[in-house]
Amino acid sequence: MTNDPGPDREQLEREVYRKVVTIRFAELRIRDHVEKEGFGGFWHPGIGQEGLQVGAVSAMQDDDYLYYAHRGLGYAFAKGMPLEPLFGDLLGRASGSTRGKGGGTVHFADASRHVLGQGGTLGSSFVMGAGTAAASQLLGDGRVTVVFFGDGASGRGTWHEAALQASVWKLPVVWICENNGWALSARFTEQSPTEHVADRAPAYGMPGVIVDGQDAMAVHDATAEAIDRARRGEGPTLIEAKTLRIRGHYEGDRQPYRDDPVLGDEIPNDPVHRLGESIPDDVRRGIDAEARTQVEQAFDAALAAPRADRSVIFEDVWA
Amino acid sequence: MTNDPGPDREQLEREVYRKVVTIRFAELRIRDHVEKEGFGGFWHPGIGQEGLQVGAVSAMQDDDYLYYAHRGLGYAFAKGMPLEPLFGDLLGRASGSTRGKGGGTVHFADASRHVLGQGGTLGSSFVMGAGTAAASQLLGDGRVTVVFFGDGASGRGTWHEAALQASVWKLPVVWICENNGWALSARFTEQSPTEHVADRAPAYGMPGVIVDGQDAMAVHDATAEAIDRARRGEGPTLIEAKTLRIRGHYEGDRQPYRDDPVLGDEIPNDPVHRLGESIPDDVRRGIDAEARTQVEQAFDAALAAPRADRSVIFEDVWA
Amino acid sequence: MTTTPVTTGTTGATDRVIGYSRAINEALAEEMRRDERVWMMGQDIGRLGGVFGLTRGLQEEFGPMRVRDTAINETFIVGGAAGAALAGTIPVVELQFADFLFTAADEIFHKLAKWRYMHGGQFTLPVVVRLPSGVVGGAGAEHSQSLETIAMHVPGLKVAVPATPSDAKGLLKAAIRDPDPVLFFEHKGLYRVKGPVPESDEHVVPFGSARVARAGNDLTVVATGLMVDRALAAAEQLAPQGIDVEVIDPRTLVPLDIDTIVASVERTHRLMVVHEASRTAGFGAEIATQVQERAFFSLDAPVWRVCGTDTPLPQDPELEQACIPSTDEIVAAARALAAI
Amino acid sequence: MTTTPVTTGTTGATDRVIGYSRAINEALAEEMRRDERVWMMGQDIGRLGGVFGLTRGLQEEFGPMRVRDTAINETFIVGGAAGAALAGTIPVVELQFADFLFTAADEIFHKLAKWRYMHGGQFTLPVVVRLPSGVVGGAGAEHSQSLETIAMHVPGLKVAVPATPSDAKGLLKAAIRDPDPVLFFEHKGLYRVKGPVPESDEHVVPFGSARVARAGNDLTVVATGLMVDRALAAAEQLAPQGIDVEVIDPRTLVPLDIDTIVASVERTHRLMVVHEASRTAGFGAEIATQVQERAFFSLDAPVWRVCGTDTPLPQDPELEQACIPSTDEIVAAARALAAI
C-alpha cells in the first residue's frame, strides 16, 4: 500500500479506520473483562495508541516481518491476525495463537503472517529485528522488518548495538518508537537528555523522523517512506510517533506516581475521531457496527474455548 | 593542574614529556622482552598512544578516579603508579600490584591512587565509571571519574546505558575514546556509520570534542576543560582523541587482515618528539637518561621478583 | 496450586507479625538510617515505591539521591553499583525481576563476582542486588524463573534465598553489612506472607546458618523460598501417617551450611531436596552430591529431588503452577522415599 | 600443567589425522556448501579468519555476506542470530570467548532458549553459538571459564562439549543440522590437538550418545573437553597398579546420555566425575545425582568429583593450571576412591 492520493487513498483510510475502530472496541472489551473478572497477569492497554500502530503496519507488505511492542493488540491485528487467537492468548485459551501456553498479555505470534512475537525483556527485539533484516538481505527476499518499541525501551543497550550494525550494513529495518511520554512511573523527560528519541538518529547515521502518533495516516506515510528506503537498500530509519498513554502502565494502575492529573476516558486527539472525520457518517456507522460485532463474537468465542491442557507444558521445548 | 600559560605551563609540559618518554622506554623494554622471552598471555602495546594517555591523566587531580583501557601502561603510570608493580603484573610476579594473580596485560590497580582497574570485557567500564561518578555525586566528594576506551569498545550497549544515565543525572564523568582506527582486525570505518565517535555525543546531550591524540598538551587541555565542567556539576563530556595503532592488536600480531602497508617503527606525529621540541636539548637528554634508567631498574627488579605462590589462588575471593 | 499466605516460625516475646515485603522494607530503612553510605537505585523504586511496593516510603524519608530512579538500563544498575562500591558507597539495587540478571550478566558474573579477585584484593564490592524471584501468577517465561543456582556456580557471589519475613529482614540486613556482593533472591510469591519478626534494629541473620524449620526423625527435606511452606505442609500431612519429616531451610546457598544438613541426614538416613528451579543442574544436585560425598554410608536410600520442570515457564497462571512442586507432590515423593 | 597435544581415538581405515581446529573449520565449510541457508557472523571471523583461526579461508570461499564480520556487539551477534533464524536462515555465530555469553545472556538464555516455547512452537531457532572455552594460558578470569553447566540448567538449549577432532567435526555438523539452538563449547586448549577424523562429508555425531573412550572394570570416570585426555592419561597410570578405569565422555550435556553412564557404574560400582568448571553446582553434581538416583544400590562408594577450584581464574598461566584438575590429581583421587 503506497501513498497515492485519490480513490486508493480513500480506501486505505477506510481500511485503517476499520482496523483502528476494531481495536478500540477490543481494547474496551478487554478493559471491561479485566475490571469485572480480574485477569491472570497484566494487561498493558494500547488504547489511544491504536492509530499509530495500525497506520504504521498498514504500510507493510504481507510478507514483511513484524516485532510488536507490549501495548495492546493493534499491531498484530493490523498485520492480519484474527481477533480470536489474540483474545485466546490473553485469556489463556487453547485457541490462542500460542495454544494458551506462551500466551498472555505480551506474547502472540503468527508465523504465516510474519508476526514474529515479542520478548519479555524490553529491547530484545532491537537485535532480533536487525538479525531478521540481515537474513532478508542475505536471502535477497526483499522483505523489510518493522520493530516497535516504547520510549522507555529506547534506553537499552541493545538499541545501540543493533542500530549501529544495521546502519553500517544498511539493513532493511524500520524502528518505530511509540513515545507516550512514560515508562512505567518514569517520565520520558527524566530518562532522556534530548527532547526527542529521534534526536539520537544522527548518531547512527540514519534519518530520524518525528510524526504525530495520533494521526494514523501521517504515521502510515512516514512508515511507507521508511520502508521504501529500506527496501531500496538504503538502510534503517528511526520514526518517533508522539502519542499518549491514556490508561496507566497496566490496566488497574492507579498511577500514584503522577503529579499531573491522570487522563480520563477522553482521548486527546483521538485517532478514531480523526480518521472518522473524512468518512461519510453512514459508512462509518456501518463499519463501527461490524467491528463491534466482530469483537463481541471473537471475545465470546475465546471465553468459551477450553483452557490449555497441562500436557502442553512439555511441548515445544524442542523442535 | 590547570591550563595556565607561563612557567606553570612549562613545568607541566616537562612533566608530561617525562612521563611520556618513560612510558615509551617501558613500551620498548616490554616489546623486547616479548620478542625474546615470549610471554604468558597477550600484550597490547600502547606505543604511539602514550601522549594522549599521559596528557589526559595529567589533567586529573590525585583523588579523581581512573578506569584505563587495555592499550599499554601509560594511563596508570601517569596517575602515579610506580613502574615496578606494573611490570610485576605483566610478568606474573608477586610484586605486581595484583600480587601476581589477577595481573597480566590488562589488570592492575592501585586503590590509594584511585586507579580502579579494568574489566576483561570491553565496555564494562562505561557503566562502572558512571556508577563511580554517581557515588561521588552522592557523597559530594568533588571527584571526577575518567574512563578510557577504544573506538571498537564504543559499539557496546553499555555505552548507551551509561551515557544516557550519566547525562540525565549530570554525573561527573569524562569519557575518553582513543580512536586508533582499528578494533582488532576491523577498521573503525567498518564499524561506525558516522565519521567520528564524537558525532554520537549530541544523542546523549553532551559535548563531543575531537582532539589530535598525538598532541599530548591538546588532549590535556581538552580533558582539563571536561573535568572542570564535570566538577562544576554540568555533566559528562565525550572526548575523541585521534591516534594510530602503531603495532598490531597484540605484540606479535602480523596483521594479515590489513590491505594497507603496516606501520613500521616510525611513529607518525610522534608525541615524544612533539613534546620534546619545546624543551632545551640538555634538559631533554637529562630526562631521557633518567627515564631509561628508571625503566631498566624497575624491569630488572620485576624480573628478579619471585612468582606468586599458589596459595594466592584461594585469596581475595571473599573480603 | 498457590498456597494461601501462612504464618511460619514461632513467635518470640518481642516479635511482631509482619509481612515479608514489610520486613524487607524495614531492613532497607534501618540500614539506610544506620549507615549513610547505603543507597539504592533501580527502576520505579522511588516515586512509585517499586513495582512490588517493596521500597514504599523510602524516597520520602531518604530523598531522591539515596533512593534513585533509573532508566531501563540493567547494565548500569548493576555495573554502576559495582563502580559506586569502589568509591566507598554501599549500593542496594533492585532488578524488577530476578530473570533480568541475564540483561546484566556481565556485570553480575564478571564485574561483581571477580573485580576484587582480579585486582589482587585491593577493593571490596559491598553491593546487594535484590532479585524478585519465582513464579507469581502469569508473569511468563522471562519474569518467573528461579536462577539462584547460576549464582551459586560462579565463584565470588553470596546468595540468599529467604523464606520467611524474619529471614527476609535479617538476611537483608546481613547482606547490606557484608563486604562481598550478595544476590538476594526474594520470592514474589511470599511478599504477602506474614510471620513473626523480632522487634530489634539488630535482627541480623548470619549467612551460612541453616534453619531447621521442623524437627523430625524419618526423612530430611531441604527446601528454599516458597517451597519451605509447602514442605512444612507436606510434613504435617505425613506425620499422622507415621513419617516424621525434618525440614531444613539453608537460607543462604553461598555460603551453604552443609553441616546442618549432613548432621540431619546422619540421623534420618534419607534426604529429599525440593526446589522451584528447574531440576537439571539445579542446586538440589549440589546438595545431593555433597551429602552423598560426606555421608554416603549413612544413606539408606538415594537422595531424591522434587523440582521445577525442565521447561520454560508458560505464562498461564494455572499452567505455571503445574511446573513447580506442589504440596501433594512433595507428600507423594516423601512417602515413596520413606518406603525404600 | 598443560598437556602436550596427543592423538586420541582409534584410527579407522578412511580416517585422516587432523587438528581439532581444522575439524571445526571443515565442518563449517562442508555445511555451508551443503546448505545455502547456513551463514556465519562474529568478530574478526572474516578477513582475519577468527582470533583462534577457526574460520580461516571461509570468507574467501563463501564471500563477505555469508561470513560476516560484526562490530563489538555480542547482543547483536546472538540476538541477531535468533532473528535471522526466524527468517529462514541457519546462523552459526562465534563469540570470541565462551565467557562472553554473559554479555549476551538475555539473548542466549531468554531469546534462544525460550522464543519457540513462548510462541507456542510456531518457530524453530536453528542457531549454533560457537564458544571457545576453558583455560588456555594467561587469558584471565573473564576469558577462561567453563560455563557449560549454566546452559545445562536453563531449559531450551542443547549443549555440546567435544573432546576430540572427530567429535568436534561430527557434533558441529549435527549442531548445524539441528533445528534447536545449540551452544557449542570448543575447548581452546584442544585446538592444536590432532586425531583421526573419518573422511566423509556425512560424519555426523548424534547428540545424546556418550563415547566410551576407554573400557574398564573397576571405576567409571566421566570427563569432558580437555579433561578426557587427562582422564585417559590417568587411566594408563592406574592400569599397572591394578585399577582398571572406564573413561566416558558424554560429548553432549543436553541431551545427556545418562544410560551409558549408569550401565557402566552398574558394572564398576564406582564413579568419579572430572570437570574443569568450578566444582560447586557444576555439571558433575548433576551426573552424580542422577547416577545415585538411578543406581544407588549399585554404588559401593560415594560419587566423587575432581573439578576446577571455586575461585575466579587468575590470569597467570601457571596459577590458572593449578585451578583445574591435573592428571596427577585424577590419579590420586581415583586410587583413593577405588580403595573405599
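We just call them A, B, C and D in the order they show up, numbering each chain from 1.
The rule we apply is simple: a contact is a pair of C-beta atoms (placed from the backbone, for glycine too) under 8 Å apart; a residue touches a chain by one contact, two chains touch by 3 or more.
None of these values were measured; they are calculated from a predicted model.
Comparing the CA-atom centres of all chains against that of chain D, the greatest distance is found for A. Rounded to a whole number, the gap between the C-alpha centres of chain A and chain C is 37 angstrom. Per-chain CA centroids place chain B at a distance of 41 Å from chain C.
Residue positions of chain C touching 2 or more other chains, listed in rising order: 71, 73, 75, 99-100, 102-103, 106, 110, 117-118, 140-142, 155-156, 309-312, 314-315. In chain B, 100-103, 107, 119-121, 155-158, 161, 164, 168, 190-192, 317 are the positions where the chain touches two or more neighbouring chains simultaneously. Viewed as a contact network, the protein chains are fully connected, with every chain touching every other.
In the complex of the two chains, the chain A residues touching chain C come out as 40-42, 92, 100-107, 119-123, 152-153, 155-157, 183-186, 190-191, 256-257, 307-308, 310, 312-314, 317. The part of chain C that touches chain A in the complex is made up of residues 43-44, 47-48, 51, 69, 71-73, 75, 99-100, 102-103, 137-143, 309-312, 314-319, 322-323. Residue ranges on chain C touching chain B, taken from their complex, read 37, 39, 41, 65-66, 68, 70-71, 73-76, 78-89, 91, 106-107, 110-111, 115-124, 126, 155-156, 179-180. Residues of chain B touching chain A in their complex: 155-161, 164, 167-168, 190-194, 199-200, 202-206.
For chain C in complex with chain D, the residues that touch the partner chain are 99-103, 105-106, 108-110, 113-114, 117-118, 140-142, 149-150, 152-156, 254, 277-278, 280-286, 288-289, 292-294, 296, 299, 301-305, 309-312, 314-315.
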